[in-house]
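One chain, chain A, appears in both complexes that follow, with chain B as partner in the first and chain C in the second.
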Partner chain A sequence: MSGKILLILSRCSACSWLDKNSFKDLVSQIRLDKRIGKIIETDKICDSKGKKKLKSSASGGCDRAIIASWCSQESLGKIPLPKGIDPSLVEFVDLSLLSPKGPKERSSPELLAGAVRESAARLALSRPVKDRRIRYSSKFVAVIGSSDAAIRAARALAQHGIPTRLIISQKASKPKDGNIELIDEATINGLTGIPGNFRLSYRRRGEELETDCAAILLVGERCMADVRPPTNPRVRFVPLERLEDFATSGLRVKGIAFLDDLGSLASVSDVSVPLWHLLLESAKSTAVAGYAENVTVIARDVKAAGLLELSWKEAAEAGVKFVRYDDKTRPRIDKSEPIILVKDLVLGETIGIPADVVVAPVTTRPWEPAFVERLFVPGDWDLRVRSRGPQRGLGQSPCDGVFVVGYAGFAKLTDQSYPELGATVSEIVAFMRRGYHIARGAIAEIDEDKCSACNTCVRTCPYRAARMNDNWKAEIVAEKCAGCGSCVAVCPSRAIELKNCTREQIESQVIATQEAIS
Partner chain B sequence: MKDVLIIGGGTAGIGAAETLLSLGKSVAIVDTAPFVGGVALELSCKGDVECTRCHVCMPRDAAFRMRSSEGIEAYTLSEIGSATLGTKNISLEVRSSPRFIDTKKCIACGKCIAVCPVKGALVAPPHGAIPNVPYLNPELCRHFQSGECDLCAKECPTNAFDFQEKEERSLLLARAVIVATGMDPIDPSGIPHYGYGYYPNVLSSLDAERMIASHGELRRPSDGQRPGKIAIIQCVGSRTTKGGVEYCSKFCCKYAIRIARSIIERFPETAVDFLYMDLRTFEPRSEALEWAAGKKNIGISQGVAGMVQESEKGKLKVRRTVPGDASIEEGEYDMVILSVGARPRPESKVIAAKLALPVDSFGFISRDDRKKGVFVAGSCKSPMDIEESFADGKATAFAVLERLGAVK
Partner chain C sequence: MTAKLNIVAFVCENHALSALRAASASGESLPESFHLVKLPCTGRLETTQILDALRAGADGVAVIGCLEENCYHDVGSMLARGRVERVKEILKDIRIEPDRVEMFNIASVSSSILLLRMRKFEQKIGSLPATPFKGAMR
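Moving on to the complex of A and B:
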C-alpha cells in the first residue's frame, strides 16, 4: 500500500466559473500537498468519452483516489477507475457546493484547493473496507400475531412462494395453504442471530423450542383493555365482538354504553382506536333495533376520522348519544345504581348515564417485555414496539429483517393497517428475493484494554450489534454493525473507534482545515 | 410499452412507482404539475429536535432515490386525453404542455435561475423532484410576455432552452394503470368568517408550511415580525357544510399538532393555542399531550372557533366556545393558522369517467376495476395522510404485480 492519492480533477468548463488562470492556480495550490501523488486533469467526466479516457490512464503508483468536479456524485454515475485504485478508497468532492451564497457567488481557487486537501488528509489514513454478502441460511418468514391481518400476511407471502411460519398465541386450526406452517399456543421468548439467519425461541405447551427464519413480521393483535372490573353487580361487561349475540338473545335493557376508557391502566390514547368503525356500526344497529332505551358512546374524542364521519352522523341520527368527557376526570360506574358518572366536557358538570350493559374498551396487546428488549434497544421502544426514533421505511424497524406492521406499532383503524400490511409484504418479498445480507465493512472496533464493561454501548446500539463477551468486555457482532457511530459517541472510556473514521483521521482533517483557512 | 402507467405523481404514485421499480418493472408517471412529487415537495420537515414522524421526507426521499433509475419515465405538465381499455393492454393519450427546457440536456446547474430578471419565472426543482430541471413559467417569463429577453438561453452551458417547443401528444401503452390523483387542499377563502385573504396575518396551514420550508421560520406577512401568539384553528373546511366538505379530512390533526410543536421547539418564546373539535391523531394521543403537558406556552383545548376579526393594527380576535361552561370567549393573537382539509381533485372525476370507474357524491373514486387492469391508490379513494397514502400506493403496486403475473 503506497498511501498516495490520485486526484482526478475535472475542468467542467461548461459548468464551472474558473477561467484558465484560476484553474492553474487551483492545480498549483493542490500540488503543495504531499499526500497527492498524481493529478489527472480532464475536460469532462460526466459523459462516456471522458469516462473512457479515464479508464485507460495510469494510476502512477497511487492506491486511492479523489474525484473532484462540479457535479454531485449522484449525477456523475459510475466512474471507471484506473488500475490499482481500491474502489472503497474513493472520495467525491463536489466543488459546485463550495459557494456559500448561491451560484452567483464565486469561490476562490484557495477555497476549492482547501476542500480537496481536507478530503486528502482524511483519505490518506483510510483503510480499505469491503462489504461482505452473507447468504440467507433460512427460507422461512415468521409471522407473529394472531389477528386477521397476520393470517392475511401469511397467506400473501405463501402465495408468492415464500414459506411462512405463523406463530399464534391461541389455539388455531391449520390453514389450507401448504406453504404455511402453523405454530399455535406459542409465546415468543427471544430472537438471536443475524438477518437471514435468525433463531426464534418460543415456549409451547411447557416445552422450550427453537425455529429458524430469515425475516420476522410482527403483526400484533387486539385485546380487551386492561380495565378495572365494575364493582356494581347490576352492570354487565360485554366485549364488542360478542355484542351481537347478546342483542339477539331477546333481552331488553334500559341503557347501553360504549366506553373508550374505564379507568384503564394504560393511557387513554389508543384504547378502542382499532374498532371505531365497528363501534359506530354496532352503536347504530343497537339503536335501530331498539335493544336498549338509551344508547350512549362515551369517549374522550370521537375518532371518526375520514369517511367514518358519515357513519358517526348516521349513528347520531339513529338516536345514539355521544358524550365527550374531560381528561382529568374519567368516567366511573356508580356503586349502587346502574349509572355511569361522566363529567361532560361541554356542560362542565357531572351527569349520570343509564347503562345496564357496558361494552368494554378494546386495545392492542403489548408484547412480552423480554422479547422486545432482545429485539430492540430498551427505552427507545415501548411494549407495542413503537420506535421513538425516525422510521427507516414503511414497516421497517432499525433491525434489518425485522418488520413491524399494524397493531404491533400502535393502535390504528383497521382500514389503515391493511394498506400498511400490503406495503410491508412487498418489502419482505424484496428482502427475501435479494437472498443475501450485506455485512458492512466499515464497522466499529473495540479496544479491549480500554473497555470498562459499563454496558453503555450495548444499551445504545440501535442495531443490537454490541454485546458483552465471556471475559466481560464489549464486542461488536460484525455482521450486524452498520457503522453508524452511535457507540463511538457514547463510550465513556473512548474504547470504540469506527474502522474507517478514526480519531487520527478526524484530527488530521481538522489540521488540514486550519491550514486552508490560514 | 410500459408495464404500469401511474396517473398522478403524488405520494401514492411515488410509493407505487418505487415498489414496481424495485421489483424490475418499467413505469411511466403522468402528472399535471411541473414536478412529480405532489404536495409533499412543498411541505416542511417538522422534526427539529427529534423526528416527530410527520413522514414528509418519505415520498421525497423515495422520489430522489428513483430519479436516476432507468425504468421510470415522467410526463410532467401533462393531461390524459382519451383512454382505450383493451383486454390485455390499456392505451392512453397523453398531452404534454411544452416545458421549454430539454430535460435530457439540462444539468441543473442553476445558472439560468441566477440571471433571470423576473422573480418566479424560473423555478428551481425542489429536493426529490422529478425531473431535476427548472420549471419555466410562461405566464411570468419576459420572453413570452414581451418577446425580448433570452438571458437564460444565453447563459445555459448545454443549450437546453428551446422557446419554440410545442405541445406534444403521445400514445402510451401499458399493461396496467394506477389512478393516484390525490386531493386538493381546500381554499379557506370560501369560509368568510375566518377572514382568509382579507386579513394578511390569517394563513392557511399550507401557506405556513411553505413559509417554514423556504424561510425556516414564520413571519407575519403584514410587517415581517415574528408572531408572539399564534392560534391554530382545526377543521377548517372539513366537517362542515358551509364552504367545505362534510367528512373529516383525517390528516389535519396530525400535521397541525406537529407544526405547533416545531414552532415552539424552535422559538420557545412563541405561544400557540391549538383549538380543535376532536383530536383524531392515531398514533398514541398521549404523545402529543405528554409533550404539551409540561409547557406553558401551548394550550391544547377543545372548542370550536367561530370568527376571526381584526381589532387594532395587526391583532386578530378569535371568538370561540369554551368547553366546561358553554360560554363564548375572545382571544387576541398575532397570527392565525387555519388547518385546512382537502377535497378530491376535479380531475379525478374526469379520469374516472374515461376509465369507467364509479365516483361517489364527494368525488372520491369508490371502486377499482382490477379485472381490466385499472387500479386506484391513495387519497383519491378516501382521505389519507402521507404515511397511509404511501403505504396504499405500495400495497396497490403489489396487487398490480400479482395481475402482471410477475410474482409467482
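Moving on to the complex of A and C:
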C-alpha cells in the first residue's frame, strides 16, 4: 500500500465556474500537498467520454482516490476507477457546495484546494474495508399477524411469486393459494439469525417448532380497526397524538374521555408505563386548557398507573375524573346520545359519562421479547416497536429484513395502515429479489485489552449490535452494525474505534482545516 | 488583511449532509468560513473533539445533525446535544465564550433554514473577540 492519493478533478464546463487561470491556480495549490500522488484532470466526468478517459489512465502508484467535481455524487453514478484503486477508499468532494460566490463571480481556488486537502488528510489514514455479501439461504417470507391485513399481505406476496408462511394465532382453514403455507394456532417464541437467514421458533399445539425465513413482516395484530369507530356519529375518535390539533382548533366540547384500550382483550400490562404517563399528562393539560367541560379517564388497568402516583394526583387536582371498569364489561358508546356507558368497578353500577370526543391512546402491545430485542432500543424506551418511516422507507424497521406495518409500528388509523401495507409489500418484494444481505465492512471494532465490560456500549447501541461475550468483553455483531459510531463516543475506556472514522482521522482533518487558511 | 473566520462544522452524513446537498443543487453555497468534517452520525462526536477543534484555532464549532426525534441512527443527535451542552459548560469555566459552539438540528428538506442559521452563526462568531488559540497550530 502506497498511501498516495489520486485526485480526479473534473472540470465540467457546464457547471464549473472557474476560468482557466483559476483552475491552474487550484491545481498548483493542490500539488503542494504531499499526500496527493497524481492529478487527473478531466473535462466532463459525467459523460461516456470522460469515463473512458478515466478507465484508460493509469493510477500512478496510488491506491486511493478523491473525486472532486461540480456534479453531485448521485449524478455521477458509478465511475470506472483506474486500476489499483480500492473502491472502499474513494471519497467525493462536492465542489459546487463550496463555491462561495455563485456563477457570476469567481470562486476562490484557495477555498476549493483547502477542501480537497482536508479530505486528503482524512483519506490518507483510511484502511481498506470489504463489504461481505451473504446470500439468503431461505426463500420464505414469514407474515405474522391475524388480522385481515396480514392475510391480504400474504396474498399480495404470493401473487408476486414469493412463497409465504402465514403465522396466525387462531385456528384457520387452508388457503387456496399454493404459495401460502399456513401455520395456525401458533405463538412466536424467538428470532435468531441474520437478514435472509432468520430462524423463527414458535409453539404450536404444545410443540416447540422452528422454521426458516428470509424476511419477516409484522402486521399490526391489534391495528386501529380494533379500537372500533364509534357507532354514534356524535362521538369523535381522536388518537392521542392528534389531540393537540383538536385543542388548537378552538372548538369547545362537552366532554373528553380518555380510554385506555377499548378493543383489547389482552392482559393488564397492555398499556405500558410511559404511555400511561403520556395519557395522564395529556388529560391534565386538557383539563387545564379548559376547552372541555368534563375530562374523564376511563381505565381498566391501575397496576401500571399505580407507579405514577404523582401524575395521577396532579391530574386529579386539575379536575380530571377517573373511572375504573371491569375487564368483563367493557365501556360502550350510547347509540343516540354522546355518552359512554361504563360499569364502574367501585360503585358496581353502570354510569353514563358525557363525552363527544374519545381519545384512544397509542398502545403497542409488549411484543414478544425476541422482537423487541431485535428491533428496538434499550432502557426506558422499552416497548415501543417503531417503524421509522422517512429514513428507511415505509414499514421498514431498524433491522434489515424485518418489516413492521400498521399498529405493530405505532398506532394509526386503518385508512393509513392499508396504503402502508401495499408499500411495504413492494419493499419486501424488492428485498427478496435482491437476494443478498450486505454485512458492512465499515464497522466499529473493540480493543479487548482496553474493554472494562462496563456495558455502556451495549446500552447505547441503537441497533443492538454490541453485546458481551463469554470472556466478559464487549463485541460487535458485524451483521447488525450500521457504523453510526454512537458506541465509540460513549465508551469511557476508549476501547472502540470506528473503521475509517477513527479519532486520528477526525483530528487530522480538523488540523487540516486550520492549516488551509494560513 | 483582516483575519478570515474559520468555523469547523461537524456534519452528519444523513440528514444534515443531504440538506447541504440540496442547498448546492438549488444554487446556494456554504458560508465561506465553514469547513466541513463529515461524520457517520453526530453521535460519533466526542466532547474532546469539539474542544480540540477550538484548541487548534477554530473560531467556532458547529455541530449539524438530524432532528432529534427523527435521527437516522435514532439516538445520535440526542447524544450530541448533551455533549455540546457539556462543552459549553467547560468553556464557561475556562472563560471562553460558550457561544462559540452550537448544535444545529435540521431536517433534510429545510436547507434554506440551515443556511440562514449558519450565516447567523457566522455573524455571531464574527462579533466575538479573536480566540486566544488563533494560530496555535502554526
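Points to keep in mind about this one:
Please note the rule applied: the second predicted complex is superposed on the first by the 334 of 518 C-alpha atoms of A that agree within 3 Å, B and C clash if a C-alpha of one lies under 4 Å from a C-alpha of the other, contacts with A are read in each partner's own complex, and residues count from 1 in each chain.
We take it that a residue touches a chain if its C-beta (ideal position, glycine included) is under 8 Å from a C-beta of that chain, and two chains touch if they have at least 3 such contacts.
Here the structure is a predicted model, which means the values were calculated and not measured.
Touch criterion met: A:513 reaches chain C, while chain B stays clear of it.
After overlaying the two complexes on the shared chain, residue contacts for A:47 are found with neither chain B nor chain C.
In the superposed model, A:419 lies in contact with chain B only, and not with chain C. Looking at the superposed arrangement, the partner reaching more residues of chain A, out of chain B and chain C, is B. Contact with chain B, but none with chain C, is seen for A:346 once the two complexes are overlaid on the shared chain. By the touch criterion defined above, A:160 lies against chain B but remains apart from chain C after alignment on the C-alpha atoms of chain A. Using the contact criterion defined above for the overlaid structures, shared-chain residue A:486 touches chain C, although it does not reach chain B.
Look at A:429: by the touch rule set out above, it reaches chain B but stays clear of chain C.
Look at A:96: by the touch rule set out above, it reaches both chain B and chain C. Look at A:118: by the touch rule set out above, it reaches chain C but stays clear of chain B. Put simply, chain A uses residues 96, 102-103, 388, 390-391 to touch chain B in one complex and chain C in the other.
Across the complex, chain B meets chain A through its residues 15, 19, 22-23, 47, 50-51, 53, 55, 58, 67-68, 107-111, 113-114, 132, 157-158, 239, 246-250, 278-280, 282-287, 289, 302, 323-326, 364, 382-384, 387-388, 390-399, 401-402, 407-408. Of all residues in chain C, only 4, 6, 8, 14, 20-21, 23-25, 27, 29-32, 35-37, 39-41, 43-46, 49, 52-53, 56-58, 70, 72-76, 79, 83, 135, 137-138 touch chain A in the complex they form. If you check the complex, the residues on chain A that touch chain C are 72-73, 94, 96-103, 111, 114-115, 118, 377, 388, 390-391, 398, 460, 462, 482-486, 488-490, 498, 501, 503, 506-507, 509-511, 513-518. Those residues of chain A whose C-beta lies close enough to touch chain B in the complex are 14-15, 46, 70-71, 74-75, 77, 96, 102-104, 159-161, 267-270, 273, 300-310, 313, 324, 326-327, 345-348, 386, 388-391, 393-395, 410-413, 416, 418-423, 425-427, 429-430, 433.
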